[in-house]
Structures are given as C-alpha cells and as structure tokens.
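In this document, chain identifiers A, B, C and D correspond to the written order of the chains, with residue numbering beginning at 1 in each.
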Amino acid sequence: MPSGFSGTGRQLALSELVAKVPNGSSMALGGSFLHRGPFAFVRELIRQKKKDLEIIKQSPGYDIDILCRAGCVRKVRAGIVAMEGNFGLAPYYRKAIESGTAQLEEHACATLTAGLRAAAFGIPFQPCGGVHGSDIASLNDWKCLPDPYGKGDPVWVIPAIQPDYAVIHASEVDELGNVRVSGTYHWDRIMSRAAKSVLVVAERTVDSGVFAATPEATVVPYFMVEAFSIVPSGAWPGSCWPAYEIDYPAVEAYLEAGEDALAKHLAAAPEVKEKA
Amino acid sequence: MPSGFSGTGRQLALSELVAKVPNGSSMALGGSFLHRGPFAFVRELIRQKKKDLEIIKQSPGYDIDILCRAGCVRKVRAGIVAMEGNFGLAPYYRKAIESGTAQLEEHACATLTAGLRAAAFGIPFQPCGGVHGSDIASLNDWKCLPDPYGKGDPVWVIPAIQPDYAVIHASEVDELGNVRVSGTYHWDRIMSRAAKSVLVVAERTVDSGVFAATPEATVVPYFMVEAFSIVPSGAWPGSCWPAYEIDYPAVEAYLEAGEDALAKHLAAAPEVKEKA
Amino acid sequence: MNANEWTGFSYIAINLARFIRPGEITFSGVNSTLPMLACLLAKKAYDDDFIYINVAGGVDPKPSHIPLSSSDPVLAEQSASIFANEDFYDLCTRGRMDLTFLGAAQIDGEGCANNSAIGDWHKPKVRLPGGGGGAVMLPTAKRACTWRTEHSTRTLVEKLDFRTSWGGFHGVVTPIAVFVKRDGRLALQSWHPAASLEEVRLRTGFSFDSRQAEPTALPTARERAALAALDADGQFESDARIALR
Amino acid sequence: MNANEWTGFSYIAINLARFIRPGEITFSGVNSTLPMLACLLAKKAYDDDFIYINVAGGVDPKPSHIPLSSSDPVLAEQSASIFANEDFYDLCTRGRMDLTFLGAAQIDGEGCANNSAIGDWHKPKVRLPGGGGGAVMLPTAKRACTWRTEHSTRTLVEKLDFRTSWGGFHGVVTPIAVFVKRDGRLALQSWHPAASLEEVRLRTGFSFDSRQAEPTALPTARERAALAALDADGQFESDARIALR
C-alpha cells in the first residue's frame, strides 16, 4: 500500500468502493450513533455479504446493530453502543454479544481514542487519563506504568489500534477526494490518521476551488483517501447536518423483528432508490 | 485559576494583557519563525522589563532573539531557532546560549509537541516516535520504555510540558475571545490545550455571527482564553497571512548591532505607532 | 405547586440543573436527554451563566429546537466553535472539566457505576451500552453527576455486577431522591417531597448517611417555566416514562 | 550546457529534485529554501506528479510567487487543505512520509547529522539552530535527504561534534557531489562534471565508496527552464552565495 493516494479514478460507485474491503477486515466507522455515520456503506457491506468484520467505533449504534443482525461481525471494539434518540439499546448487537456470536472488546470512548492515537502517532501505546478503578482495564489486560520522571501518578497505557480502513461519511468532497464535514467531526479525524486506508462516502462533490477558499476546514486531505463514492442521503436513517435530520419512522421500522423488516429496510435505502 | 474563562471585560489594552504575566513565567509562543508570531506581545514584555521568562516554542526566531537581546529570558525550550527568510542564525539568542546567560533545553520540534501533548492530555509523559540514536535524549535525560504489550519497539517518552501561558497571534477574534487563524495554525492549537492560560493578540474583532457561520474553523474556543487584545499588524515585522507579508527591511534594521537599533525598532512597532 | 404534581421527569431535570454552578464548564453527552434538558434549563432559569459544552461539539449553542437525540447536531447551532470529541475528553483528563453528566445503569454506595453488563460480563444476562465516557471522565472530572429513571435496589446497589467506572459521582438524582458525595460515599441530600426518607431507604440497595437530608425544595416558577418551554408538547416527558413509583 | 556553467545553486536544487519519486509524499520544511525550490522544480520539470506537502500547511499548493522564507504562508496558496505541523510529524512517525528534506550542519559517513553545536554542546563555539525535524524525522521517514552549500571537511566529517539526528540520510547533495546511502553508509553517487572524484575525496572528511560513481548528468532543458522560472530575477541564487570552491 502506498503512503499516499493520488491520481484520478478514485471516485467509484458505492458497490466498487465496498468491494475493496476483504472479509475479515478491521474497520473504524465515522460519526456517532445516528449522526453522520457511513450507513450506505454499511448496508452495502451487508448486500455484499461481508463476513468476520472487526468494527471499531467509540459510539456505534445503528451501524453495529444492522451488521450484527446480518451476521457480518466477528469482533466489536467500542465505547458505548446504543441506538440513541430514545430507541434504547441496540437489540441485534445485544443479542450477538449475549449469545457470543460476536466478540466484544469493551472500551471507554477515550481509551479507544488513545489506541487510535497510538497508531496515528506511530507509537506502540498511548497513555490515557482516568481508567483507574475500572474493571475494563483487567478485562483487556491493560498495563499501568509509573511515571519514569517521578512526577506524576501511574498512568494506564492503551495498545495501538490500527484499523485496516477508516470509513467516513462526509458532507462533501472535491474531485480529488479532500473531505469536509459540517459540525463536529466526532472521531473521524483521528480514525483517518490511525487507519491504513480511508474510504469516504460523501453527500456531494464540490469544486476544489471551494475547498481552497477555506482550506483550514478540510478534515482529511485527499492523499489519505484511497477512494470515495457519492451517495446523497447516504447517512440515512441518521442525520447529516445541516442537510437532513434523523428519519425516526425509518429507524422504528428497521427495529421491527424478522428478516422481512431488514429486507424492506435495505430496499428502502437511498443508495438503492437512487439507482432505481 | 478557573477551568474556563467567561464573562465580559476580557478584552484589554496590550499593556494590560502583558501586565498579567509575572516575572519567571513560562510561556509558549505561537506561530513559527517570522510567521504569525505574537510579536507585539513580545515587544511589550520588553517594554515592561519582564525577567526570567521561560520561552517554549518549536521554532522561535525573531521573538526569542529580541527577548534574549533585552535580557528577559532565563530558559529556552525549543526545537529549531533561526531568523529564517535568509537571515540565518538568531544572533542574540546565539550569544545568550553561548555565553550561558540563558539556558537551553534542546528538543526536536516533535518532542516538544509530545511534551505539550502530555500536558494537554493530562498524562505525565507522552511517547514520541523517532529520537533513537539522538544525543538530545541523554542531554535531557529522557527515558526509553519497552512496549508492555510486547509488540512494538521501545519508545522514547517525553515528560509533560505545561506552560503557564500560551500566547497566540490570531487573525481574528469575536467579542467573546473565540480565535480563528488563516492558513496553518502551526503549533498554536496544542499550545492552547497544554497551557494553564491562553492570551491572545488579534488583528481585529469580528462579529460572533461570522464565527457561528463556520464554527469548524475556530481554533481556540473562547472559554480557554483568559484575555485578549486587538493590535492590527501585531505580528510585524513578521507575516500574518493573508493580510501582510514579512517586512524584510524592518528585520534587517532590527539585526543592526547596538542598543540604538533595538530602541529604534521598538519605537517603530505598530502597537506604538497605533497609540501615537 | 403541590408536591404531588412534581413528576419524576421534572424532578430529575430540575435537580440535575441545580448541580450546575456559575461560570463552570459543564458537559452533556450521548444518550443523555435529561442532562441535555438540565443544561438548557439552567441557561434559561438561572441568572448566573455557565459554559455549556456538549457532545455535538456545541459551545453555548442556541438550538432552533430541542432534539430527541442528545448528540444531535442541532445542539451545535449558533455555536461559535466546534469543540469535538477528542477536545472535550482531553479537557476532562487534564482536569478542567468542572461538571460532566454521565449515564449509569447501576450505582453503588461509593458512587461508582456499572454500564457494562447485568450478570457476569462474560456471560451477560443483559449486555448494556458499555464504558462510554465514564471510566475516563468519572475519575478525572472535577464533578460528575448521574441520574436514574428507576429508583430501586436493582439500580442503586450494594455491589455492582461490574465496575465500569470508578471515582464516585458527586451527585445522583432519581425520581424520588438526590444524593451527593460526602466523605467518599453517597449521602442523601434530599427526597422528593411526595416521598419520604423511609421510602428512599427501602428502595435503595446501599446504606447511606441521611443526617443532613430534607425534602427537596419545590421547583421555582422559573425552573418550571424553563422546562415547560423546552418540552412544550410534553414529548420528552411522555417518552421518558418516569414514574415516582 | 557546458559543465562549467552549472552553478552550485542549480546543482543542489536540481539534484535534490531528482530524489523525488512519482506519487510519493514529499515534504519541505523551515529554513529549507533549496528543498522548497527542488519540490517546486520537480512539479514543473517532471511528467510524473507527486504529493507535495510543506511546513506552511500547503498540499500541492500553487503559490502566487516564490517566497524567500521556506515556511511562508504563500506556500499554502490554492491548497485545498491545511496539513498542519502536528499532522505532518505524525504522518512521518507512523511511517508514511516517503521523502523529507532536512537541514544539517555536519554530516558523517553514516549520514547522521549535527544541527546543534560546533564544539562541546555545553560550551559551544557556535550554537546552531538545533534539533528541528531531524531527531524524529530522520529515523522515521522512509527517506530523508539533505544538502550542504559548503563541501568541506568541516561539514562532511568523520565524527560529529554532536549527533542531533540518527538514522542516516538517503541522499546528500553538495555543490560538487551527490551521495546516497548504500549498506548503511554514504556512497558517492555522482560528482559535479566540473569537479572530479579526487576533488570530492579531498574535500570530504569521511571515507566513502565510490565504485558506482560517475559524473552527474547535466540538467535537462526542462530542469533548467523550471529553475529559471522559479528564480526569474536570480535573487535566490545570489542570496544563497554557493560557490563550487
């Protein structure tokens, strides 16, 4: 894999973008709960019947739930998992963990970030404040190191977490694949630095000149982006600020039991309707 | 000191802003070499005859040189010191170190950043890639730790560096003290997170509504800023993109030997001319 | 206002708001509708301002409406900066988060929390949301407060099934009681005026000091008006389904 | 072009540019006018493109003019992103910086560098700029190249006064020679066609392998045209004051 990605031909159809991901890949997913998640990408993973995925995200919800429901997940590394927005726990995720069909590495959100930081900084471990007294530490066999300078308290260190891919849903990209998001970037920024490759789904392309007018706002420079797709409304049924808010009825419909409900939900997704 | 700063009355005259800094303070200075440095602030430190300052900056130049020239500096923690822009070494800094009147803690730029990161992250030390084989490590008695997870190579860890103040020259602030810069923020961002307090000199104020239109571009939120001043052209004789470039003749005049040259230079500064 | 009219929903929102102190940096996060409402309520109901940051990146936002999701980007509307996730966690671990609200499924007498699992972690009866902010924020924030919509010996326990977060909450609000930390343990500060000390004791799994406890002061007119404005059509209250008993 | 017309300034700029490889992430930093010119020259003179990032935060910028300061914000003009200091250092330490240019006052036969002091560090005869990028970037970048405007036994030394940076340069360019790393030591790749192997040996403080060395290929028309365009009035060349001897 090259250090940076460049050249044309990096804008792909969603199906081509997802086809890049081998079974067994580890994948950091951007966004948080029902907000600006790479949900069209996630649904396409299901359509392509990907298996044994490792999903890395501080606050997954809909994404991890639907992937567990479809049987795509081997391992979850997460801080907090819920549907949010009054929908409570993520039921299919819960079932996957309780039944042992998926394995959980439980984190605090900040310890997961610390692991990503270690990968982004090129160091084997990252100290993280807090953690003391938490049973999570022994669960994960984390180590606590004394301050070799004798000034501070012992500190927990988190081993590096380097995802194969960071997958981000962006507000917009330019023709080269530079990435901007409106509002908070959640953990997308550190995910993009930690991962070996970044795949992006964006609402739209805008001219590079727009980016050049306020280059400070670009969250991921093009050379980190292996490839990208344009899927308007691709964060559905979640929000993508300021374009659209959560589609609550669609989430409710998704949560109905049975394979039919899942099939109907997948068929109702914008990336499918777009094509039809 | 409170965790955050708020309320009105935080916009001060430059002299009041600088008067907040006690002798002996440690101070991270923003910008790099001749670019967007808090130079009006630095000159006012000299006018107020501050002593025993500890200056922290990855790439100081004009600022550290003039402060050494005026005898304000006890200690320098820096990565690379030069005038840049074809002016070569910083002569008065060089003299201060060679004569021992100021003490140097030599860093690589990235190790200084690592120390600031440790402070910003609330951890006693920060691992930093590289460093191996450098004599700087033993100079500073830095420690190299094995990976407790047995996967990576031993890594050098840098002790936390927490400046009393981060002093930043900003492109603009709003009435609350939110900070934006045009172009690169150099190391200003991590300095603002590492320091106990942030003092800002800005080119101008703009309405908060302008900030609210693209809040993603704000580098330092108002509640980190203890106080701020408005000094148009305050980064002179350096640049402040895109408003003005380096004033090369002024730097040349500054570099002339003798107390007269210094006095003339201080008198020619925009923060003085503004008042007159 | 009659004490019996004080709903559990309103009791929690208002008592969480009362933990907010002037000028302090106060944070509300994901899955935290009641703390979100408490912060917005405090902005409206109290004279003294505070620095409100939230998980949507908002800093003193002026949301055009109040979202069902407490991490909704609407909570960054009119914010002059985006203070993103890494930033507010770092703020906390470096000791400058004055007050954070954090969820908890089980709470013990020392104010530690279980957010991970009911039953054995490895063979859970219920897999809960997980660590979230707690394990890092609870021991590093200056103060952390939580709430439970159910006050029972299942939620306020002698022994946690799993200790997700250590460090001890400064304050805990349930539909019938307000606890605060005193000498390293949760002590009863006040009880819902329609409940009683005895009821709180019966429904709490851990022992607690109640020597300074008294009935909770009724909501002020401003507190009530602020909450009414935030939940004009009562949807938050009905969604929350909080019963005193 | 006649070999004698090939100035030291142009020799360094062009040979630095020749280290740049297609598609690679290539960085130029502070106090680095010649690498800045080399990167801009490579963009103009070679068919294959590369990813040019610089210390002003620019990514493939299109500067409206060429600044005297190699960290000038002009070097971020027309850039679609700002890739700031923390970011490019992290890129390097995580192993994805293909090529970085780094300054060096003294260079030894292993390609290690002294940027700190001439004489004893604690009692320096000359206090030099200092560590800068080197101590972290030289051992972590895939390749690092440097240049010296003076080719002498003072600058290319058997033993450094202080080893600021370890890891070994991939390439070193002086006014009369190009060295590359081979089996852990600097080997002569080529010499200025107006100089000779013997001259290089005489003026170099460390021993080196020269078995594959030959005269440096003269500048192409495109290389010359690109440099001429970048330094239209010759100011960079005259400021640099680089003599072959």
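Note that in this section a contact is a pair of C-beta atoms (placed from the backbone, for glycine too) under 8 Å apart; a residue touches a chain by one contact, two chains touch by 3 or more.
Model, not experiment: these values are computed from the prediction.
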item: Neighbouring chains shared between subunit A and subunit C, ordered by label; value: B
item: Chain pair with the higher count of C-beta pairs in contact (B-D, A-D); value: B-D
item: Distance between the centres, which are taken as Cα means, of subunit C and subunit B, whole angstrom; value: 40
item: For subunit B paired with subunit D, centre-to-centre distance based on mean C-alpha positions, whole Å; value: 28
item: Centre distance in Å when subunit A and subunit B are each reduced to the mean of their C-alpha atoms; value: 36
item: Residues of subunit C touching at least two other chains; value: 57, 76, 82, 92-94, 140
item: Of all residues in subunit B, the ones touching two or more other chains; value: 121-123, 128-129, 182-183, 185, 215-216
item: Pairs of chains found to touch, sorted by chain label; value: A-B, A-C, A-D, B-C, B-D
item: Interface residues, subunit C side, partner subunit A - complex; value: 30-31, 33, 55-57, 67-74, 76, 82, 84-86, 89, 92-94, 112, 115-116, 121, 124-140, 162-167, 239
item: Touch list for subunit B against partner subunit A, complex; value: 118, 121-129, 143, 145, 147-149, 151-153, 155, 157, 159-160, 181-183, 185, 214-217
item: Subunit B residues touching subunit D - in the complex, by the definition given at the top; value: 32-36, 58-59, 78-82, 84-86, 89, 93-94, 97-98, 104, 106-111, 113, 128-136, 139, 182-187, 189-190, 239, 241-242, 245-246, 248
item: Footprint of subunit C on subunit B - complex, ascending; value: 2-4, 6-7, 119-123, 174, 176, 178, 193, 208, 211-212, 215-216, 218, 220-223
item: Subunit A-facing residues of subunit D, complex; value: 23-25, 49-51, 53, 57, 59, 76, 78-83, 87, 90-98, 140, 142
